[in-house]
Amino acid sequence: MEKVKVSIVGGSGYTGGELIRLLLFHPYVEVVEVTSESYTGKFVYKIHPNLRKSTTLKFISASELQPCDLLFLCLPHNSSQNQIDRFKNLAPRIIDLSADFRLKSESEYEKWYGHKHARPELLNEFIYGIPELHREEMKNAKYISSAGCNATASILGLYPLYKNGLVDEERTVIEVKAGSSEGGNKVNEGSHHPERAGVVRSYMPTQHRHTAEILQELSFGKKINVHFSATAIDIVRGLLATCHVFLKKDLQEKEIWKIYREAYGNEPFIRIVKESEGIYRYPEPKLLSGTNYCDIGFKKDEFSNRLVVISAIDNLMKGAAGQALQAFNLMYGFDEKTGLEFPGLHPI
Amino acid sequence: MEKVKVSIVGGSGYTGGELIRLLLFHPYVEVVEVTSESYTGKFVYKIHPNLRKSTTLKFISASELQPCDLLFLCLPHNSSQNQIDRFKNLAPRIIDLSADFRLKSESEYEKWYGHKHARPELLNEFIYGIPELHREEMKNAKYISSAGCNATASILGLYPLYKNGLVDEERTVIEVKAGSSEGGNKVNEGSHHPERAGVVRSYMPTQHRHTAEILQELSFGKKINVHFSATAIDIVRGLLATCHVFLKKDLQEKEIWKIYREAYGNEPFIRIVKESEGIYRYPEPKLLSGTNYCDIGFKKDEFSNRLVVISAIDNLMKGAAGQALQAFNLMYGFDEKTGLEFPGLHPI
Amino acid sequence: MEKVKVSIVGGSGYTGGELIRLLLFHPYVEVVEVTSESYTGKFVYKIHPNLRKSTTLKFISASELQPCDLLFLCLPHNSSQNQIDRFKNLAPRIIDLSADFRLKSESEYEKWYGHKHARPELLNEFIYGIPELHREEMKNAKYISSAGCNATASILGLYPLYKNGLVDEERTVIEVKAGSSEGGNKVNEGSHHPERAGVVRSYMPTQHRHTAEILQELSFGKKINVHFSATAIDIVRGLLATCHVFLKKDLQEKEIWKIYREAYGNEPFIRIVKESEGIYRYPEPKLLSGTNYCDIGFKKDEFSNRLVVISAIDNLMKGAAGQALQAFNLMYGFDEKTGLEFPGLHPI
Amino acid sequence: MEKVKVSIVGGSGYTGGELIRLLLFHPYVEVVEVTSESYTGKFVYKIHPNLRKSTTLKFISASELQPCDLLFLCLPHNSSQNQIDRFKNLAPRIIDLSADFRLKSESEYEKWYGHKHARPELLNEFIYGIPELHREEMKNAKYISSAGCNATASILGLYPLYKNGLVDEERTVIEVKAGSSEGGNKVNEGSHHPERAGVVRSYMPTQHRHTAEILQELSFGKKINVHFSATAIDIVRGLLATCHVFLKKDLQEKEIWKIYREAYGNEPFIRIVKESEGIYRYPEPKLLSGTNYCDIGFKKDEFSNRLVVISAIDNLMKGAAGQALQAFNLMYGFDEKTGLEFPGLHPI
C-alpha cells in the first residue's frame, strides 16, 4: 500500500512534536516535511529529544512547503485562519489542531475570542474533531478542526447525559485540573519552575474559551449553560475534568452505568472507570500519559440530585495529537487505533 | 508572667506535630506533656525530625497524663467523644482538633458520620473553632472544637456572601484540591509514593463529611445546600477551595470587594488576593506553607451570575494546628497572632 | 509463525506489570499465564490499571503453572534460587529478573547478600543479562539473569572505558539518583507520600548490592574497586548514574567520543547524548520513561584527569522488563527491538 | 535599643526576597530601603507575595540610596566589584551575597570566573562568610562576603576532616543535588516547567565555580583537589551534598562521631543527623526549608576506606540569606540565632 504523504506546519511546539512522534511510527504514513520558522534547518530531534535515533528530519520554513496528501496545522491560535487558502492549495485534506475552526457560529467566535474571525464563511467546512461524536462525518471529511483538550474531556464526559436530555441545562459546573504542557512551550514568568512547581493556580476561573466548544457540542438545539473553571497543578501532562451536573430525575447508579455503556460500549478509546476497591477507582490522568484514552467515571450524590462525572485525558494525545490521528485514521479508512496502541505506563 | 501549662494528647500525628512546633516557640506557653501510645518513651524529635535541637521532650502514654491548664486533643476521629470525661477532669479547658464536637446537631452527626454520637448532650458545650466567625464566644470558652480544614477554607471563602444573603442557596459547588498530608501519617496502598505521585485523584467526589460543617456555619437559619467534592493532587501541604456560587442579583466586582473588605478588613489572618498582573493573582496554597493565613480571591463570570471564590490555606495550620493556636490565644487574651507570625516562603 | 508461549511468575509487582505490558503487545508472543499469590483470581488489570481494555488475563497461583516455552521470573530476592528446579521442569528456558543468579562468584554473593546462596552450582548456568556485553552468549542461552537497574546504567556507562583499560582501577565513584519505583510496590513508612515527596534521601550511601555486579562486569581480570552510593529523589521512574572516573592518561573529548562510538555505534538501544546547546545536553531519565534506551554522555574535567560519565535509563525498562525482553528477542532470533519501539514522550 | 538601619541593594531576586523576609521580623533591625531597577516604585510584596500584609515598603532605584548602617548587596555576579566604592561611601559595613569577593586569590578568581577581577586589591578586605569557620574575624569585620550555597554545604560537611588532616587530598568527589531556586528568578528555556519538572539534569558536571571556595577553605596550606559535580532535580529549595572522601587511616564510625562533635558540638546551626532507624536517617533538605540549619551525616564504607559525608542546607537560607543574617548578628554582637529561629516544617 502506498503511504499517505503528510506534512506538519508548526512542528516545534508540544502538539507538533507529539504528532511527529505518532506519525513516524504509523505504518501507513510518510512524514514528508515539518515546518518551523524558529528552527529552520535544525534536526527535529534537537527540539524533540525523545526522537533522537527515530528520525533525521529537519525543520523547513513554511514558505518552502511542497504539496502533499494531507496537512496537519499546529500553529498558534489565529494563524490558520489567515493562511488557510495557501494551505488548501497545498493539500486536499487538512486537519487543523488550532482553535481557529472549531466553532460553527461566527458570533460565538467573536464573543469568546474577542475579535472577528478572518474567514467566517469557512467555519462550516470543518468537522469538529471528536470522533466519538462525528465519526460518520469524518469518514468523508476534507477538513477537520481538532477539539480543545479541556473541551474534549468535558464533552466526552457529559455527552451521554446531555444527548439523553437528563441534565438541568443551567447548572452544570466543570472544574478542570490541568498540567503545564497545556500552556505550550513558550517560556513566561509564570512557567518558571520555582514559581510553577507545587502550584494550585486558578489561572482561568471564568471565561475560558473552551467553554464555547462545550456549549456547541452539548446543546442539541436547546439553550444550555456550563460554568467552567480551570486550575493549573504541578503535573506536565494530563487533565482531569470534574463535572457537577444536576439530574432532572433521580437516576440510580445502575441506570447511569447503562447510559454510558450504550453510548460508549464499542468505543475503542473510552473506558468507564469506576471501581469499588483498589487505588485507581476513578479516572487518573497520569495513567493516560502517551495514550489516546478518555477514561470516564461518575458518582451519584446520595443526598442530592447531583451527579459528579470525572473525565481524564492526556491533553497532548486525546486532547490534541492523538485525537487528530484518530480522525486521520477515520478519514483514510484505517483501523481507528492504528498508531495509537500504546496502553500507558504504571507506575508513573 | 506565668506560662500556660498545656499538654497534647495524640502528639505523633501530623496535626499533633505541627501543634508541638508552634507551642514550643510560643512565648507564653509551656508544653508539659505529649502523649503517644505507639511511641511512648521516644524523643518527640524522632517522629517530628524538624524538632531536632528544639526539644528534648519524650512521648508518654495518655494513661500517665497529669493535670494541666489546657489540653489539646489530636486524636483520631471517634476517640475524644469516648474519653471526654477523663480529659475534662484533667484540664479546665480543652481544644479538640478532631471532628468529634464540630457539629451542633446530633442528627446531622449521624447522617454524615454514619454512627451515633457517644455524647450528644455535649455538642453544644463546644465552640466551633473558626475565630473569624466565633471570636467573642471563644474569649470565654472552656471548650473549643477546631474546624475541619476543607470546611475552614470553604466557610471563610463564602461567609461574607452567605451572611449578607447574596447567594442562591441550592446551587453552590465547592471543589477542593488537597495535599497528601490531609490523609494523616498512616501508610496505605494509595499513599505509596509511586501510586500517589502525580495523581489527580477524585478521592471524595460526594458525601465528604466536612460538608456538614459548611452547612452548619453558612445556613444562618435558612435551608441551604452545598455540593462538595475533593480531589487529591501531588502536593503535601495546602488546599485550594474553588467555590462556584450563583448570585441572587448581579453584583459588580467593586461591590464584592466592598463586601469582603467589610467582613475581613481587620482580620489578622485573612488576605484578599486578587491581582490584575503578576504571577500570583489569586490565592496560592504553596505560599501559605507554615502560615496561618487564609487567602481569598474571587472572579465574577462576565457571562453569567456565577461568582468564583478561591480560598487557600495550609491544611495543617489554618486548617488545624494554627487555627487551634489562634483560638487558644483568644481564650487567654493574648495577641491573636502570638506564635503565628511566620509569613511563609517564596519561592517554595 | 507460531507464537512463543510464555508465562510470568510473580506478575503483580512493578517489574512483572511492565513485562506483561510489553509481552501483550509483542507480535510473536502469547502470554499464557501470570501468577500472583496475593491476587489469585483477580483480573491482571485490577492491579495494573494501565492494562484496562488490553487484557482479560487473571492471576493464577504459581502452584497451578502449566509448562510453557519460557518462564519469566519476577519474584522477590531469594525466591528463585529456592524454587529453581521446579521452574526448570516447567520450561526449557528461563529469564530471571531477580538478583539471585546475577553473580558468578559464590563468595561475592555471600559478601554482598549476607547469606549463603542456596544453589551456588547453578550460578554459572545463567548469562548475565546485559545484551550489549553478552549478546552472542544470549543467542544460545537457556538461562538468563537480568541485570540490576543501577548496575545496568553504571556498567553501560563505563564499559568502553574499562574494556580499553583507561581507568584508574581504585578511584571510580558512582552516584545514582533513583526514583521510588525502584523500591517496589510494597508500602512502607518511608514510601508514604508526605514523607517521600520532595526528598533527596541518601538511602544507600555504601554497601549497595548492585556494586557486586558492576565489579564483576567491569573487572576484565583485574582487581578493581568502585565506590557506589544511591540517593532517592522525587521521581517515580528512571535513574541517573553520575560516574566519576580518573583517566590513566589525559584523553581529549574527541578521543573519548571515538571510544564510545566504537563500542556502541551499532547498538539499537544506546544513544550518546552530549549537546553543546539546548535544554537536554546530557542524558535525562524522564525522556526515557517507557523506553528501552540507555542514554550516555560525558564531560572531561578541564582542570584534572577526571571524566564524568552520565548514564540514564528507565529502571523498569532497560533496568528490568525491557532489557529482559531484549534478551528474549536475542534468544529467539527476533529483531532485538521487537516490542520495544516506543520512543518516549516529550514533554513529560 | 536603637535598631540597626539596613538597606538591601538588589531586592527583587530570590536571595534578596529571603533577606527582606528575615530582616522584617528581626527585632533589632529596621529595613530602610530596598532597591530594584526593574520594579522601582512597586510594592515589595508584589514581587515577594509571601510578604503581603508584612510590609508596605516599595522598591527604589539604587541611584536614590541613602546612607545607612549596613548594606546587604544581592546583586548578580560581577556587579558588586564594579560599584563597591559607591557602596562603601554609603555604609560603613557591607555584607555582599554575590560571588565577587569570596576568593582571596586573584589568580584563582581568574581561573574559575574566566575574567579579571575589577578590584583584586580588595579581596582581602572581605571575611569569607561561613560563621562556623570565621566567627572571631566576623565580630570585628566591616566587610563580609557571604559564601556560595554549594560551597557552604560542602565545606561544612568536610571541614572537621580536612582540618584534622584525615583525608586523601587528591581524591574527594562531591556530588550536589540542587533545586531550581539556585538558578535565580530569571526565566530561561531550561526553567520552563514542562522541561524542568521531573528532571535529573547534569547541569554542571565539571568546572563549577563554587569549587574554588571549597579549595580555599579546606586546603589549610596544603595542595588539595576536590572533584565537584552538580545535578538539578525537581525541588525548588534545598540541596544535598554527597561527599566521598578517602581516609588516610581507617577510622571507626565512633571516632568520626567524636571528630564531628568536637568541631560542631556547640554550633547553633549544625546538627549531626545519623539515625539507625526511622525515615530520616541522614540529612534531608526538605526538612530545612526556611531554616538556617546545616544538617550533616556520614557513613563509613565497610569494604573500603571511603567515608560518605552527607550535608544538607536550604540554599536560600544557610546557603545565602540566612547565613548572611547569622554573620550580621555576629558583627553586631546579637545572639547568633536572632531572627533565625524557625525550625522548619514536617511534613512538607
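A, B, C and D label the chains in the order they appear, each numbered from 1.
Operating definition for what follows: a contact is a pair of C-beta atoms (placed from the backbone, for glycine too) under 8 Å apart; a residue touches a chain by one contact, two chains touch by 3 or more.
Remember, it's a predicted structure, so these values are computed and weren't measured experimentally.
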{"item": "Chain of greatest Cα-centre distance to chain C", "value": "B"}
{"item": "Numbering shared by both copies at the chain B-chain A contact, with half separating same from different", "value": "same"}
{"item": "Gap in Å, rounded to a whole number, between the CA centres of chain B and chain A", "value": "38"}
{"item": "Between chain D and chain B, distance of the C-alpha-averaged centres to the nearest whole Å", "value": "36"}
{"item": "Whole-Å separation of chain centres (CA-atom averages), chain A against chain D", "value": "46"}
{"item": "Sequence positions of chain B contacting 2 or more other chains", "value": "14, 181, 185, 189, 194-195, 198, 234-236, 279, 284, 347-348"}
{"item": "Chain contact graph, described as a line, ring, star, complete graph or other shape", "value": "complete"}
{"item": "Complex contact set, residues of chain A against chain D", "value": "14, 179-181, 185-189, 191-198, 234-236"}
{"item": "Chain C residues within the chain A interface of the complex", "value": "14, 17-18, 21, 24-25, 46-54, 181, 185, 236-237, 271, 273, 275, 278-280, 284, 287, 289-291, 293, 341-348"}
{"item": "Interfacial residue positions of chain A with respect to chain B in the complex", "value": "111, 171, 173, 175, 177, 189-190, 194-195, 198-202, 205-207, 225, 227, 229, 231, 233-235, 238-240, 242, 244, 279, 281-286, 297, 299-304, 306, 308, 310, 312, 347-348"}
